[in-house]
Each structure stands twice: as C-alpha cells, then as structure tokens.
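Some structures are shown below for you to check.
Note that chain A is present in both complexes that follow, paired respectively with chain B and with chain C.
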Partner chain A sequence: MRAYPLTWRLLDVLETGLEKVFPRRLAGITPYLMLAPAVLLVGLLVLGLFQVADGSLRTLDTTTFLMSESYSLDNFRRALSEPLFRNVAVKSFAGSLIVTAMTLVLALPYAYVMVRTKSAALRKILLIALFLPFFIGQVVRAYGWLIILGNQGLVNEALSFLGIGPFRLIYNYPAVLFGLIQYMLPFAVLMLAPAVTAIPEETEAAAESLGANWIQTFIHVVLPMARPGFVGAGLVVMTLSLTDFAIPAILGGGSQDFIANAIYDQFFRTSDQGLGATLALLLVAAGSTLVAIVFALVGTGTLQMGRAKQ
Partner chain B sequence: MAVAETGLDRLAVEGPVGSTAVSVRNVNMVFGDYRAVDDASFDLQEGKFLTILGPSGSGKTTLLRMIAGFQAPTSGEIAINGIPVGHVPPNKRSIGMVFQKLALFPHMTAAQNVAFPLKMRRFDARTIPARVAKYLDLVKLGGFANRRIHELSGGQQQRIAIARALVFEPDLLLLDEPLAALDRKLREEMQLEFRRIQRELGVTTINVTHDQREALVVSDEIIVMDKGRIQQNAKPSATYRQPSNSFVAGFIGVTNFLSGSVTDVTDSEVAFIAGTQPLCGRWVATDVRPSAGQSVKGAVRAEQIRVAATPDRLDDLQTTVAGSVMDVIFEGERVVYEVRLASLQDATIRVFDHDPSQHAEFEAGARVFVGWNARDVLVFAE
Partner chain C sequence: MKDLKNPVLELTRRRFLGATASLGSVAALAGAGLSTVSLPRAFAAEPEKPKEIIVRAWGGSWVDSLKAGVSDSFTKLTGIAVRHDLTEDNEIQPKVWAAVTQKRVPPIHVNWDTTTNATKSALRGVTEDLSDLSNLATVTELAKPVGLDGYPIVNTYGYVYVLAYRPSAFPDGPPTSWKALLDPKFKGRIALYNDGIGFHFPAQVAGGGKVEDIPGNMQPAWDFITKVKEQRPLLGEDPDFTNWFQNGEIDLACTISTNAREAKKNGVDIKWVVPQEGAKFETDGLWIPKGLPENELYWAKQYINHALTKDAQQVWLDGLGLPGVVPGLTPPADLVGDPSYPTTPEDFKHLIRVSNKIQVENESAWFGKFKAIMQS
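Let's turn to the complex of A and B:
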C-alpha cells in the first residue's frame, strides 16, 4: 500500500471519527449549526430589548422610587417634549453627521496614500499609525487629549510662549467632535482601504490618458468607484459616534452630553430606569432607521456584500 | 547598433513618405541596475500601424508607457508630431490608449465611458452626443449606448475601450496588449477589427504584443525587442523572411537551429559542417564576414523542410538528410513531424507537412529523409 502523507492519514482518521458522531446525511444542517451561536447571541440581545421596552412603559414613582405597575406612554412624552432631551438629540445627531463627514474627508487621502504609495516604508508607518490607537483605550486617549488641550496643557503652554492664550480648548462642543473624529479615523481608513485597493491603478491611468487631471480623476473615477467603502465607513462612523459615551463625557466635561450620556444619567444618577429605557429605545430606533434609509438609498449591494456581479 | 541604423537608413533612402508621427531617439529606461529599455530609436510615419513584438520582460511595455507619458525615460527623447514630449503629462498628450485590462469605468454606461475624454478635453458639449454615437457606430455598438459595462460581453467591452480611446481623435493610438486575455477565436476577430478601424480612420497606431501572429496580421511595421534592445525594425514579410539575427529568427515562426562551424565562404553562401553533415546557407549580417572555423548556427523554418520516404523524392532540394520520426503531432491544417537526424549529432528538427494525403504519412519510428534548399538556411554567428 502506498504511504500517503501523514496529514492525509490524520484527516482520514478524523473524517471517519466525524462520520460516527455526525453522519454525512446530516450535512445539510451544518450551515445552520454554524450560524447558531450568532443567532443565539443576537437573540439574547433581542430578549434584553424586550426587557428595555417593558421598562420604558413604566414611570418612576418619585415618592417610593419604585417603577409603576401600570403601563403608560409618559416616558415617551417626556423624552420627545422636554427641551433637555431635544437638546441632547440635536447635539448627538448634528455631531455624528459632522464627525462622519469630516472623518471620511480625512480618511480617504490616508487610505489612498496607504494603498497606492510605492514606498514600503511609508506604507508600514501609515499602517502602524493606524493600528496604534487601537492599543490605547478610548478613555485613556480622551484623557490624553485633556492633558494636551487642557488650560495648563501642552498647547496652551506652547501658546503662552508666543504670548497668547490661554484658550479654552476642552469642555466644549468642538472638543467633543475633535475627539470623536480622532477616534473614528482608524475605523474609516480600515473600511476605505479595501475599496481603494479594488480600484485598478490602470483605471486611473486610463482616465489620465483620456485627458483628466488628477483632481478630475479623483472626482470622476476614484470617488465613485470607492463608493461601497464610503457607505460602509460612513455607516460605521455615524452609528459609533451617535452612540458614543466616553468622548462626550470626558472631553465635554458633562456639559456636552450625547444620547448615551443622557441614558447613563437616567439609569445611574436619577435612577429613572423607565426614562433611561425610553431614551435607549429611541436611540436604537433612530439608528436603525438611519441604516435602513442608507440601505434604501444606495442598496446593500454597494457594500459589496451579496453575490458579486461578474 | 547595426540593426537600428539599418532601419533608419531605410527610411532615409525611401525619403519623406508621410510626416513623422512618432520619433524615438536613443531612449533608455534604467531601474536601479536593470536596463529595461536600452538605446531604443525608431521613427514612425503618420497613419502607420506599428507593432512592438517581444517576450515578456523585453521592454516593450516600458517603451509604450514612456510614449504614453506614464514614465519618463532615463535619457533620450520622444517626439510626437515633431514636438518633444519629455515633460508633458499623459493628459496633455493627444494619445488614445487601450489598456491590457481595458480599464473601462464600471460606474458609467458605455456611452458615458466614450463621452468621458470629450468632457475632460472640453469639447463643445452640444457636439458630444453626436460624436459618441458616431464612434459607437464605428465599433458596431450603436444600440448599446445605455448598457452598463458589466452588461457587455468581453468583445463588446473591447470595442467600447477602442471607441473611448479614439473618440477625441488623438494623434496616436496605443494598444497595450488588450487582446491578450481573449480566447483565440475572439482575439483573431478583434485583430482584424483593429486593422479595419485603424485603416478607416488612418490613425497612427502602436500596438504592443507577444503574439507573433497578431504582429504579422495587423502591422505595417514590426519592431522586435529582446532584453530591452530593438532587434529588428521592418515590414512583417521582411521580419519573417529576413530576420536580422537569430533571436528574431527563433522568436517568429517555428525555426530549427543547426549548430556547426564554417568550412568555406563564397560571395553569397557559407558552407559549414554540423556534426558530420556538410550544410550550406546564406550569411545574413552585412557588417561582418564569417571566417573559416567560426561557430555558426543555421536557421531553417519548419515549413521550408520537406519529408519523404526516399531521397529521390527530394531530388529538387539541395540538401537531404536521413532521419527517423520521433513524434507526429496532428494540428488539423498540418502535421508536425519531429525528426531526429543522426548525422547532426542527433539534433531534433521540426517539419511541417501542409498537405498530408491522409492523417499522417509517417508514424513514429519511421525512417525518413528530410530536405531543404540552401537559400532557406540563414546562417548567424553563434
């Protein structure tokens, strides 16, 4: 008998064993079995969502600090009518829109240079710079910005040498947006890089030979062809910044609350679980609507998911 | 180098036929210590179809990219219509290019692809639709204007790429092996299509390919390149019949090389002995003469050799050699015999039989005679 390589024989043994435990005729259900853990996980989250929905319909009795037994829509009325929450919602939505736009504008050149550069050293530096922030937690990074931008921070120290300042660079809205953009940039670059890689360099050369300068090539060829990356990166940045907690909390110093901070306050400061649950539900609804609108406008196909066109 | 000079002399002798569309002068391209293009010079007359033919790594694509403006030569000068284009970027050159992978814009329709260069080159917007329609008709895709690129077949995509490269009426059309990925039947169809369109518009064209058949079929002139150097610049028939060196002889067609050493030199012929077999042939190089004892190789094409069972059937040929059939390859329109020649140190040669009376006249192992004429043997220095 011919001696097959050891790995082949090992695989044969494994396959025979597998056949005993999991007969081949059950192979049809294998994909569903592999899907099961993910479904289970999402299912648990949905169960939690039901719990939250239940809570959102109960109001807090301020005398006993207990949740009411009966259901009412009071929390929703409060969440949608009180100026405090409207203010928080406007701040969060406007903020996440600005952050998304700015992040994409900054991420595209980064991704483009990283993919297209002929210098292996430059590509390595850009990649390291991209992944380095992931090793430093969001909270640590936010505190880092406090050190740099604070009243006695590096920037104001440097400015005082020039005889100007100090300026108030933190605990305001721009500081929160700045922190969010800085936090989101690596995500956006990571999602845009494959989209840029998918554009053949020859296509850009063709545009050039057909008479386009580099700006025209960028506008008419690179941008439209990178659209799947923009949609994906935009969605990720938008939803992440809309629901962010740490950056508004730390760089906003309590004065620039986003929705997540408001929810936290309701749960852990005023202990109004009902109102917190309501805000959480509204956030989930708003986020899902946003994603649904984007998918309806551009189609999921642009994310290059689903079967590729030939 | 001798070959390049011969090419230039030829043009000088013929005098001004048309104006020179492309002029390449002593162009070098050096990457580190690798010489991709080595002192290339040629002129191309307006309206001509030139093919740069060579194996991969011969420098042909680098030369084309320099003409297109994507790379700047290390030294030397390229002029288009008499104007040096050394520092002119590609988008300021009047050059249409069809790329190897076509590089069509997938987010645009066929018509939008063809209109792209017109918009970029600021053609009068009112004339654009008519012009796009005209060029879609030229490539026989009039009814496909609103198709997306991925809705077109491979051949149709080729045609859109051609229309896009020609619609702005460039001075020069460059083809960077656009047919390489097509299957044979479609490729041959598109070769003729390129030829038709080129003749119809009279646009000066430079085509790059490694496909010798394509070069012979489509071109007015062929430049053969190897190792960065231009080996020969001539008309297709001359490239085939009078290769200037053994590389060209071996690269185009199926050529048998018979190595030997010179025994005698007359005015027009060189006698040499290969193994124990005395042979005779024509000396090709004009700049040097062979000397007795020099190592040479004679090149004889497979279709110029005949095979027969007995030597008397090859009476009209000057050289006959006994051999034995090693292999028989049936290719449809011809049968290829591989014949081993004992008197030539067991050299194996290939012989085409274009008129087999049956499937094949001989079988492997058969004793045969092969013969050829001395004028069909081109002798090169080893």
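Let's turn to the complex of A and C:
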C-alpha cells in the first residue's frame, strides 16, 4: 500500500491545529468574522461622524480660538443663511449633475465599443486608455490641463497659428466641469461595462431581425437594458464630483469653489472647525439624501450586487 | 526596581560625548562672536542636544533663504541638524493645536508663521514664552508682537503686499493706484490672494474709506472689491503668482514683494510699486509650540535666538529681500530705496499696518466676505 503523501499529512496536522484554535462548530460565524474588519472601519467612520456632529454644535471664540463649551445651532444658521455657502452649494450640486450627465453620455459609447468590438487589439487599446489615467493622480492631471489649456498652452499656441486667441480656457466654471468629466470618465466606463456585457447580443440581433435599425435598437434595447449600469455609474460619478476638492481648486482659479473647498477654508484658513464640521455634516446629509432619492426612484442599479428581486 | 540615579550626574559615554560636543559648539559660538548661547549658562547646564530640530517653513526661495541664513549656521555652531517641514502654515496649525490639547509632543519644534496666524496660537495658549531670549535685548520694536503679553511670538521681519505689474503692459509708466486693477484692458489678467489677504486694507482706501474705520466700517473696501470682481481676477497662493506672471496669465497682482522679486530673479519681466493709497505692511515670526521635552525646548529657543543675530538675519533676509528686526542690516543692492523695503519712518508713512489683534478677531469675517464676493 502506498504511503500517505507528505503534503496530505501536513494538511492533516494543519487541520487538527485549526480545529483546536477554531472549532468546526463555530463555522457558522465565519462570514461574520470576515465582515468584522469592514464593520470596524465603518464603525470608525461613524464614530468620526459623531465627533464631527459634536464639533458642528460648538462655535469659535475668536478671543481664545477655542471652541465653546456649550452647544448651539449658530454654525447651522450661518451655513444655511450666508450667501457664500449658498453659492458654493449651488455650484457644487449643479456641477455634479452636469458632470454626471455628460460623463454618462460619453461613457456609454466607450463601454459599448470596448465590450462589443471583435478586435482584441482595439479592446486592449481602449482598456489601456481607460486605466492609464488611474496611474496619474488627480492633481497631476489637473496641472496637466493647466499646461495644455493655459494662455501659453498647447491649445492657445495652436490657435495662434490660425491667428486667433489667446482665449482664457481655464480658471472658470466650464474648465472645472471639463476637468471633472475627464477625471470621472474611467469610473463611469468601468461601472457601465458590466451592464453592457450583461445585455445578450442575441437581443440586439433579434431587434434588428424584426426591422429595427441600429439607432432604434440602441434606444429601445441597449439603453433600457443598460439602466442598472447608468444608475451605478451615475451615483458614483455624482457623489465623487459633489465632494471633489482638487479640480475646483486648481482649474477654478480660486473663484469656482465646491463645498469641499469651503470646508477646507474653515478648517485650515479661518481655524473655525465648528463651521467646517457643520458644512461637512450638511454635505454628507445632502449627498446621502440625493442618493436615497435616486435609489427610491430608479433602484440601486449595478450597486445592488446580490440577487435581484424577481 | 529601577535604579533612580540622578540622570544629570550619571556619566555615560553618550553623555560624555554630548557634553564634549556641547563645549566644542560653545567654543565655536564664542569664537564666532555670536550670542546664540551665553557662555556661563552653557557651561553650567546645557541640556542634551537632540539629533535634529524640525522647523516648519514655506517652500521655494523662502526655505532656501532660511536654510542659508539661519539653519545651516545653527547646525554648524551646535551640531544639531535642522529639518525643514514644508507643511503649509494653515495646515500645521490644527496639528499643533491637537497635539497640545492631547498633551502629545508637537510635530515641530519651531513654527515659522505669519504673525496673524501665530497670534491665534498665542491666544489659544499653545505657544511657549520666548521672553528669556538673550538677543531680544538688541532687536527693534518690530520684533514685539502687538497686543500680546510678553513674547509668545518673535517677529523676525516685515513685508509689504505690493502691486506687482508687467512693465510691458504699462508703456506710459508704472501704475500709481490700486484702481489700475479696474482698467478694462486687464480684465481676466489680474490676481489676488484667494482669501483676499493683503488687499482688504488698500481696498478700503481705494474705495474712498479710511484706515481708521477698520474694522467698524469696511463697506468702501467691499464696494471696491466688488468692482475688482467684475475684472474676473485669478485667486491663488504665493507660488501661483510667480507661475502666472511667468506663463503670461496676468499683468497685475497684489502679492508679497518677495514673490515678485523671486519671479524677477527667474527672468520674468516684473516690477512693483506701493500705490498712492498705501500697501499693507505685515510681519512674520517664529514661535515654539508647548509640549516639547525640556532639552528640545531649550535648543528650539536657541534656534530662534540665533535667527535674531545680525549675521543670520543679514543672509536670511537678503534672500527674502525684506527688512529685519536687528539694527544695522544692509539692504540688498536691488532694494535700496525701494518702498517695499521700508527702513525709515518716512517709508512707513505709505504703509498700512493694523494690529494683529484686530486682524485675528475679524479675519474670519473678512475672508468670508471676500469669498462671498468672489464666489458670487
């Protein structure tokens, strides 16, 4: 009879040891134990939010630069009534909605071609082009746009050959939106691609065999069936845009702040951590409400992950 | 049980070497004729030297000048390395405040800071008292922070927020008033600091108001800033101004003269003036956060004391092009007679100086108002 292989014996020893450390009868709690690190992380975040909430109820005393001992709603009153914060909030929300819409419009054809192309080379090129920006940080990319779109940048240089310009292409609201769209596009494509992959090609073929042209097939088959991808990608792009700091700071020329920039100013420029905490809390609340509304209206899309309700 | 010998009397090899090095550095100090460390005190009980001290500084030419004028010579004299932490002044502040509140050792030994920012820290009670620095006996009145007891901060030089301009944009001669910012031909080609710092006070005068009305009535300043906003100014930080001039983005800016001078050194065609309405005069200083071990506090103080010597100030401030707090400094050749390098009472007549206490108490509101105008 052939001897038991050494590796089997080793595994037996390991299994016996594991049984002593973690008995089999506890197997039921394994999934919960695996969840523990994530729960711990989220717990820490929630704990942080409680601290932020506590700070938001304290006002700054500018004679001592200490936060008040007592609680008040003064910071909330300021945040909701001062024109500065209203302007910044409008810019942020309008910006995030525009960026989301534009990004989804640009991302769908990209994702569609990437998934459906018969050419492996084209798919690779599209994938590389998609992932390349991830290796370049957001700040570097924003500075790259300054070089390209600046008064002495490549675009204005090219325009000067045609005898026009230079034009101020940066340090304005459209430049911020442009930078955000460029930054968000890979995220949206990555979220949309699985949804497009899930659309059976036969469905499109069936539509065409029944007389639909390419545009009709796209509008009546592809778009509705890609809806879960739109929801997932839209939510990710909208929340990331709403809370972005670097691109409004760099491409906005200082006059196109988003809420994150206003929060930074309160924490680091005026030392008013209470007001900064208030703005942060309001941003979290507003963002969460927006996401909840989208969930309620159109579902969770690809973010649902698990088994969909039948 | 651990033997609780007197650590001062316990002679270890490390302590012996440290003491020998200390004596060497004291001898060097004496030889150099510097009063960084008074000789009798050093012989009596010079605390153990840390390997390094950390000094927060601004980057670029700012830290280069500090290194050349103060840090390198301090290392040479004491053997203590100086590490420069280039964290922004606004960002190091909450870290230091949190460390002091939580009774942790702060992340830096010395903070090179604007006097306004430093005053906030002093009011919060996180700064060490520097009144015992021996070189304070020889400095000018400018070194003393206004409106604070003692020396929680030592001002080390003054500076002016000038109107910097591109000469090619002014063929008929330099601008004489801040109202040049309102000229339609400069629409989109002017720049201010993103919180308006340096511009509030001259805007008050340019808008028809009086400096004496600050902070009670600053409506003239806000009216003027509202007009400037129509010119679509770029808003940024110190390094942005140099870049913007260099890249041809702007023709006019309210900035610290040091930044304009740095751009000029980099080959940018740029000059600056103190307009007829005046320009804001401000100071920067050095301070030490509370919570350092005793020996490190001692050497941090010696660093600041050294920064107040004539030799250190001369090299440091030659680099920055700013007037110091030690009498008898020689202005850099390119700044002799320059209004951004004030040395006489006559020079100061054209500059606007408001107490740091008023600035600190109102800064948040001013920043908010400026931002509200610019973000509208």
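Remarks
One rule holds in what follows: the second predicted complex is superposed on the first by the 289 of 310 C-alpha atoms of A that agree within 3 Å, B and C clash if a C-alpha of one lies under 4 Å from a C-alpha of the other, contacts with A are read in each partner's own complex, and residues count from 1 in each chain.
The working rule: a contact is a pair of C-beta atoms (placed from the backbone, for glycine too) under 8 Å apart; a residue touches a chain by one contact, two chains touch by 3 or more.
The model shown is predicted, which means the values in this text are computed figures rather than measured ones.
Clash-free side-by-side placement of chain B and chain C is the outcome of superposition onto chain A. With both structures placed on the common chain, the touch criterion links A:D257 to chain C but leaves chain B unconnected. Between chain B and chain C, it is C that contacts the larger number of residues in chain A. Once chain A of one complex is fitted onto chain A of the other, the partner contacts of A:S72 are absent, as it touches neither chain B nor chain C. Looking at the shared chain after the overlay, A:R168 reaches chain C, while chain B stays out of its contact range. After the superposition on chain A, the angle chain B-chain A-chain C between C-alpha centres rounds to 160°, nearest 10.
After overlaying the two complexes on the shared chain, residue contacts for A:S119 are found with neither chain B nor chain C. Contacts of A:T30 after superposition: neither chain B nor chain C is touched. Our summary of the superposed model lists a minimum C-alpha distance of 45 Å between chain B and chain C. Residues 68-70, 89-91, 93, 95-97, 99-101, 103-107, 116-117, 120-121, 150, 164-165, 168 of chain B are the ones that touch chain A when the two sit in their complex. Considering their complex, residues 60, 62-66, 82-84, 87-88, 91, 150-152, 168, 171, 253-257, 262, 265, 267-273 of chain A touch chain C. By the touch rule above, chain C contacts chain A in their complex via residues 88, 90-91, 93-94, 120-121, 123-125, 188, 194-195, 232-236, 247-249, 360-361, 363-364, 367-368, 371-372, 374-376.
Within the complex formed with chain B, the chain A residues making contact are 200, 202-203, 205-213, 216, 220-221, 224-225, 227, 309-310.
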